[in-house]
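Heads up, there are several structures right after this.
You will see two complexes here that share chain A, one where it goes with chain B and one where it goes with chain C.
Right after this comes the complex of A and B.
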């Protein structure tokens, strides 16, 4: 029992960190562009699919991890410039349009990649003993990479000019315009960055789950729950909420079937929203 | 009083400017010229059109008629963004700063707005001249010791000073101040005025202000608005003695 619990907690943390990356992108896009990006899960899936092709071609997981975010970031750039730019400030329209993008991406992947799930085998096969079970070292690696990406993001936001611009635009868009911050470019790069983060998490999740065209669907819902629980616009809150919710789900799955464990996460969200409608760390 | 600049170079000129909202004429054929280096106060009873006039100057509202010239070029109906780039900065009646950022980051953001070059990967806090200018602005505004506080932690009076510092950091040719002492008690007001005198010397300013003490203390010249029209203009001493101004501004019982 103790070893099952330890594995559940480890899995909860690893999966929570992956979810945090997705939720961070979603939350940044929401905080800056004020759009609810329904295509975010599809970009996560696309990251995993692109990585699958790159790994097939090169046989190297790490190249896939580098290339997929670049490709998906570029696709994010096209989506932002081509679509979102033209409809910003119309919340309902942005939801419908990004939903359309989600369907288009899913169907394109279905056409090209096919409907059957495929696996990306972990580049690190080593397992270490955890009580009387074995735990894959790859998952620890995934967690470390996720943490490194988050630290990188934090430094980017705190210490670079562009990061400061992003935080300024979140605070007050009109004043930022007045101070000559190129708000349009900030929007564009935020969307690209959010898309790339979704792709990163897609690649990191790929050795744990299987790669298929619908893999973004549940992840999108969970990411929304995380953003709401953590507080809209609060990035640190998203990270903490992601880990909490994944732990609740992971540990819950020890006692009930995994699909029912999602109920725990939803119940957690309901309780949080009853007590703090603005989310755990929202203002 | 501040020394009057030797050349009376006109920096802002309004010619027959009108603004109507439906049937209401909020600004009525206003002619106004402001010299470089001058602090011009706009006073008048509530609803006289002072804030509307500022909104016309910085492009927030389109004019209904007339022309506005800035540094010799017509700026009538340019977008606020363009006008800000040409060199008119403004503080608002409501607080205008990034309340979740630090004092340093606020000033830095304002200072860098004048920089044209563009490199997203430059480390913000190592960008040499922006950094130097930011630090000198922190000195000037007296925020050196509070540079790393989040703005929402500052007192309300300090926030108003910082706002002015932000506006000044963009190195505007003309600064529009809309009721900088709004919401301050008289003690805070006087502290702000003292600060303004040291911070703003030599700066061309249009000041909209209710507090007569503040206006008399700071203004080089005063324009009095009443129902959207300028009814008197002149040095503070002259305006103080103007009978018509007393009548509209102080109420008829003082006339």
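Right after this comes the complex of A and C.
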């Protein structure tokens, strides 16, 4: 029992960190552009699929981890410049537009990549003992990479010029324009960064789950839950909420069927939406 | 122009002509196309009920799949497990979704904008998970099949197992629903819905209880979505948890955006165009979401008011320049 619990907690933390990356991307785009990106789950899936091809070609997981976010970031650039730019002041319309992008991307992947799930084998096969069970070291590595990416993001937002601009635009867009911040460019790079983060989490999740064209659909909903519970626009809140929710789901699944655990998580989220629409950790 | 409201005579003429056309079509096309058209009518009903809350009241709900699925299951389970007749089970496929829409709407209309979108998705997901898990009652992803008993109307008896009988049955109900919605939108109630879409704050200041009117729109749309679901399972003789998936609501979104929101005739037109396109493309592609997605994005960017809006703006331009 104790070893099962330990594994559930470890899995909860690892999965929570991956979810935090997705939610951070979604939340950054929301905080800045005030749009809900329905295609975010599809970008996560695309990250995993691109990585699968790169790994097939080169045989190296780490190259996949580097290349996939670049490719997906570029696709994010096209989506932002080509589509969202023209309708950014209509939040409801952008939801519908990105929903269309989601459908198209999923289907394109189905046509090229096929419908059957495929696996990316973890580059680190070592397993270490955890009580009387074995735990794959790769997952610890995944968790460490996620943490490193989040620290990198934090430094980027706090210590660089672009990070300062981003925070300025979130605080007061009009004033930012007045001070000469290229708001247009900041929007673009935020969307690219958010897309790249989704791709990173897709690649990191790939050795744990299997790669298939629908893998982003449920993840998108989980990311919504995390963003709302953590507070829309509140990045630290998203990270805490991601780990909290996936721990509750993971440990809860030891005691009740997983679908029941999800229903409770969703019901909890409805209550949060109604009572504290600014999120649990908002002011 | 017949698309504009208030020009009743032109509308009635066109409506009767289209209806007559649809009544004689089954004598010229084979069973496959009769089924295709029957399904089209069902999706038209789903799309126009969505248009009531999105196009007219301004609420983007991705939760309509919940009511669609509930309607489908109501008909299936009442006929299969309780042996109820068709007309009563269809009546319940309106009533039960209305009760759920009341509950869901009561909470949802307290929120606005993006929060409203998300809370409706969550309710639909909860419904989908319950449908998937509670297999003894719903059949889960495999679903349930049934055979509807013949429907008696006075001296006539309509066999719903017969494709042509089912065609006329669905056509009649969808046509009545269309007229009902059109009449409602032209009523003072409909004007309140439109005023909420145009300017919620102003509607509130005039003295309307905005939340209450949103709830009314949500309930009516929910009931009609349920009826669409009920007719859908009558047509397919089948219901599954897949009906409850929030992406089913996406159908209504696509048809409404393509045809033109807030026009009723637009979503019906959109359903016809998109479904015909899909029907044609299925010859070349496994599934057609790619094209549907591209069409959706293109419409949003180039003609956000849909085909009907596009045509109307062309006519207006013509009028002013003349």
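Here is the rule we go by: the second predicted complex is superposed on the first by the 272 of 283 C-alpha atoms of A that agree within 3 Å, B and C clash if a C-alpha of one lies under 4 Å from a C-alpha of the other, contacts with A are read in each partner's own complex, and residues count from 1 in each chain.
Keep this in mind: contacts are C-beta pairs under 8 Å (C-beta built on N, C-alpha and C of every residue); 3 or more make two chains touch, one makes a residue touch a chain.
Fair warning: this is a prediction, and the values are worked out from it, not measured in the lab.
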Look at A:36 in the shared chain and tell me whether it touches chain B only, chain C only, both, or neither; answer first, second, both or neither. second
Can you tell me whether chain B or chain C touches more residues on chain A? C
Name the contact category of A:116: first (chain B only), second (chain C only), both, or neither. neither
Of the partners chain B and chain C, which touch A:106 in the superposed model: first, second, both, neither? second
Regarding the shared-chain residue A:260, is it in contact with chain B (first), chain C (second), both, or neither? second
Is A:273 in contact with chain B, with chain C, with both, or with neither (first, second, both, neither)? second
Applying the touch criterion given at the start, work out whether A:95 contacts chain B, chain C, both or neither, answering first, second, both or neither. second
On chain A, the footprints of chain B and chain C overlap at residues none
In their shared complex, at which residues does chain A touch chain B? 159-165, 167-168, 170-172, 175-182, 189
Which of the residues in chain A come into contact with chain C in the complex? 30, 36, 83, 86-87, 90-93, 95-97, 99-108, 110-111, 115, 217, 221, 224-225, 228, 232, 257, 259-260, 262-263, 266-267, 269-270, 273-274, 277
Going by the contact rule at the top, pick out the chain C residues touching chain A in the complex. 60, 107, 110-111, 113-115, 117-119, 121-123, 125-126, 129-130, 132-133, 247, 250, 253-254, 257, 285-290, 292-297, 300-301, 304
Complex contact set, residues of chain B against chain A: 80-81, 84-85, 89-90, 96-101, 105, 108-110, 112-114, 118-125, 127, 166, 170
